[in-house]
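Chain IDs A, B, C and D follow the sequence of writing; residue 1 opens each chain.
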Amino acid sequence: MAITKFNRAVEGIIGGVLSSLSSIDEAQVEKMIDILLESRDKRILIIGVGRSGLVGKAFAMRLMHLGFNVYVMGETITPAIGKGDLIIAISGSGTTKLAVTAAEIGKEVNARIIAITSFPDSDLGKLAEHVVVVRGRTKLAREKDYFLRQIMGVHEPLAPLGTIFEISALVFLDSLVVELMHRLGETEEEMKNRHATIE
Amino acid sequence: MAITKFNRAVEGIIGGVLSSLSSIDEAQVEKMIDILLESRDKRILIIGVGRSGLVGKAFAMRLMHLGFNVYVMGETITPAIGKGDLIIAISGSGTTKLAVTAAEIGKEVNARIIAITSFPDSDLGKLAEHVVVVRGRTKLAREKDYFLRQIMGVHEPLAPLGTIFEISALVFLDSLVVELMHRLGETEEEMKNRHATIE
Amino acid sequence: MAITKFNRAVEGIIGGVLSSLSSIDEAQVEKMIDILLESRDKRILIIGVGRSGLVGKAFAMRLMHLGFNVYVMGETITPAIGKGDLIIAISGSGTTKLAVTAAEIGKEVNARIIAITSFPDSDLGKLAEHVVVVRGRTKLAREKDYFLRQIMGVHEPLAPLGTIFEISALVFLDSLVVELMHRLGETEEEMKNRHATIE
Amino acid sequence: MAITKFNRAVEGIIGGVLSSLSSIDEAQVEKMIDILLESRDKRILIIGVGRSGLVGKAFAMRLMHLGFNVYVMGETITPAIGKGDLIIAISGSGTTKLAVTAAEIGKEVNARIIAITSFPDSDLGKLAEHVVVVRGRTKLAREKDYFLRQIMGVHEPLAPLGTIFEISALVFLDSLVVELMHRLGETEEEMKNRHATIE
């Protein structure tokens, strides 16, 4: 059987991610970098649930490779967070209950909060000091998607559920890593030296 | 400070991922789909370490949403695997020690093994019944990257370490999910109903 | 240097655990077994944070070895939970925010809830259909501990933080496993066959 | 239905754990404390699979509460380990493949290795600089267990699979924590301050 859906899905996903990334506000990116650089000698806690949590963990690994003092909510070694520490919370909808609850606790102890979400007016977005809006499959995209699928005779979405938000957030954060490498004068070699040995 | 490195990194990553995906052999994709469909009433175990492990977990969630009986090595609920069960192992280099050791144990109990790797001749590749080659930052890409960076005056790589392999593998597997939805007649609604409630 | 504190701590911990276990109400144990047996063809979700979460995971592994359909909150393969499914939530204080929030969501979808806690009147205790009270270092114990330490000239507690609750909950749940083996006619051999192969 | 098996299992487990703990060699404990204190400004990596891994995580949390620089294999934030860093590997049998492989890699990079195992002559035991022997259900215990069960008319073991080793290792390590508190002059209050805030 031909795998035409596969090829269309690749195009749909890459197209959706490109569209999402091109809509990111550069001023929001710059401010996130500023806050990250201000947090070099603070603790950084990554919060996320489900596939957004996996994107957060992938970013956490790279922050560690860059020498940041970073932790992931829910893992064994997650220390106390307090005033001036930084929380980065990732949630497409901005309403994921456990992520919002965790961010609320962070706010109570006066941690700073950056939210990566499609919805700046969501519970999570409103809690945060700074929001970077990363679009997922927007309503427009969904209509366009529907239209394209009509033409193509495809009845499935080309990127189900939160796929576009998740991959866009991952590419966004990995691109931020390159900017941070540049700002901090870190080389790939130095990052490699901090990479886990036992794996 | 301007964030030009960020924008170049976005382009570098998306470009690298597109290049990687366009080099995937369709026959290898088809065979992977065939094996997955043959494994519908078997156990599927996802193996991966580090960021490749996170990509594996993201795929595992979607396989669960599609109704597969899927597990992740190293998590609490990982049952016995035996003859005819399927292991999907993800490793860019194909040499990650813990992934290779796990695949070897799988081979001893006569599980089937699919490897997602850049190197079909690696230890992992050679163990597998079937390999899907997903290219990372190839030597050529690294030279081109170096050349581009010379022109652009950028001294950092545009996608450090395994970034291109990891994101390419994620987009590849998410596209596979769309093909599987089609083959299995699964809708986004049905997938949503299987999605974790408590999060 | 002599390791006298070590030996006293062993005695302190074992003594505290024995005292905690002997105070468990048998009727509460029986009802928990009844609910577990009623949930054999349902989904069971284990909820816990920190060291209580680790105790929950240790129990989850054994429930899997006994053939139950069990999952752990926060892991990759955690499916939708609904009406009639069972949540087992573990929290010494019964106030751990993320555990309580998760149990609340479970209640909204009409899952059954068993709480393992020292405080039946806590937020978690009040949410639950059934509570098994497992005592930690009680106020009395703390005073006795203080008194003993005065006599012994030890200034550190013999079991810091939640240690007594956590180990007592673990021994309680492992003893429940033996009762369940008996009720279900499961042998150690059958449990071994369900044990993870790749490790 | 009466829950007599439950009560016998409690006695069987506590009895087995007490017997295991009383057989621990104090000189081995002292040397482990010495090595831990020598590793205060080094990295400590905890290695363990399955329920032994959970015991390791519970210990890792307490080492963090005591101010140690500790990590857990397989989690997101696990940095490079090198010469002079400390690995603590937990495996009842001392043969768990992934734990042994991980310890081997640690040995290659000249990390120090402590093994917690029932079998000092196992692959893991032989790799280690120092072994603390923690007995599980020994052959003798198994015979005694069989004998007791004959008398009691119980056909199930009172502590299936690795239960005795796992709980004994946990009580051993938690008692070590009290000794370390004493040696380091750490109070419960200080440990509480390092405890995760967001949970």
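Assume a contact is a pair of C-beta atoms (placed from the backbone, for glycine too) under 8 Å apart; a residue touches a chain by one contact, two chains touch by 3 or more.
Fair warning: this is a prediction, and the values are worked out from it, not measured in the lab.
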* Structure fact -> Among B-D, B-C or A-B, the pair whose interface repeats that of A-D, with over half of its contact pairs matching by residue number, is B-C
* Asked: Comparing A-C against C-D, which pair counts more contacting C-beta pairs?
  -> C-D
* Express in whole angstrom the distance between the two chain centres, defined as the mean CA positions of chain A and chain C. => 34
* Measuring from the mean C-alpha position of chain C to the mean C-alpha position of chain D, what distance in angstrom results? -> 19
* Asked: Taking each residue of chain B in turn, which ones touch at least two of the other chains?
  -> 49, 57, 61, 97-98, 102, 105, 195-196, 198-199
* **Parts of chain B lying in touch with chain A, wherever the complex brings them together** => 1, 3, 5-10, 12-14, 17-18, 21, 26, 29-30, 33, 49-51, 54, 57-58, 61-62, 65, 96-99, 154, 156-161, 163, 166-167, 170-172, 174-179, 181-183, 187-188, 191-192, 195-196, 198-199
* Asked: What does chain B use to touch chain D in their complex?
  -> 49, 74, 97-98, 101-102, 105
* Structure fact -> Note: in the complex, chain B contacts chain C through residues 45, 47, 57, 60-61, 64, 70-73, 75-82, 102, 105-106, 109, 193-199
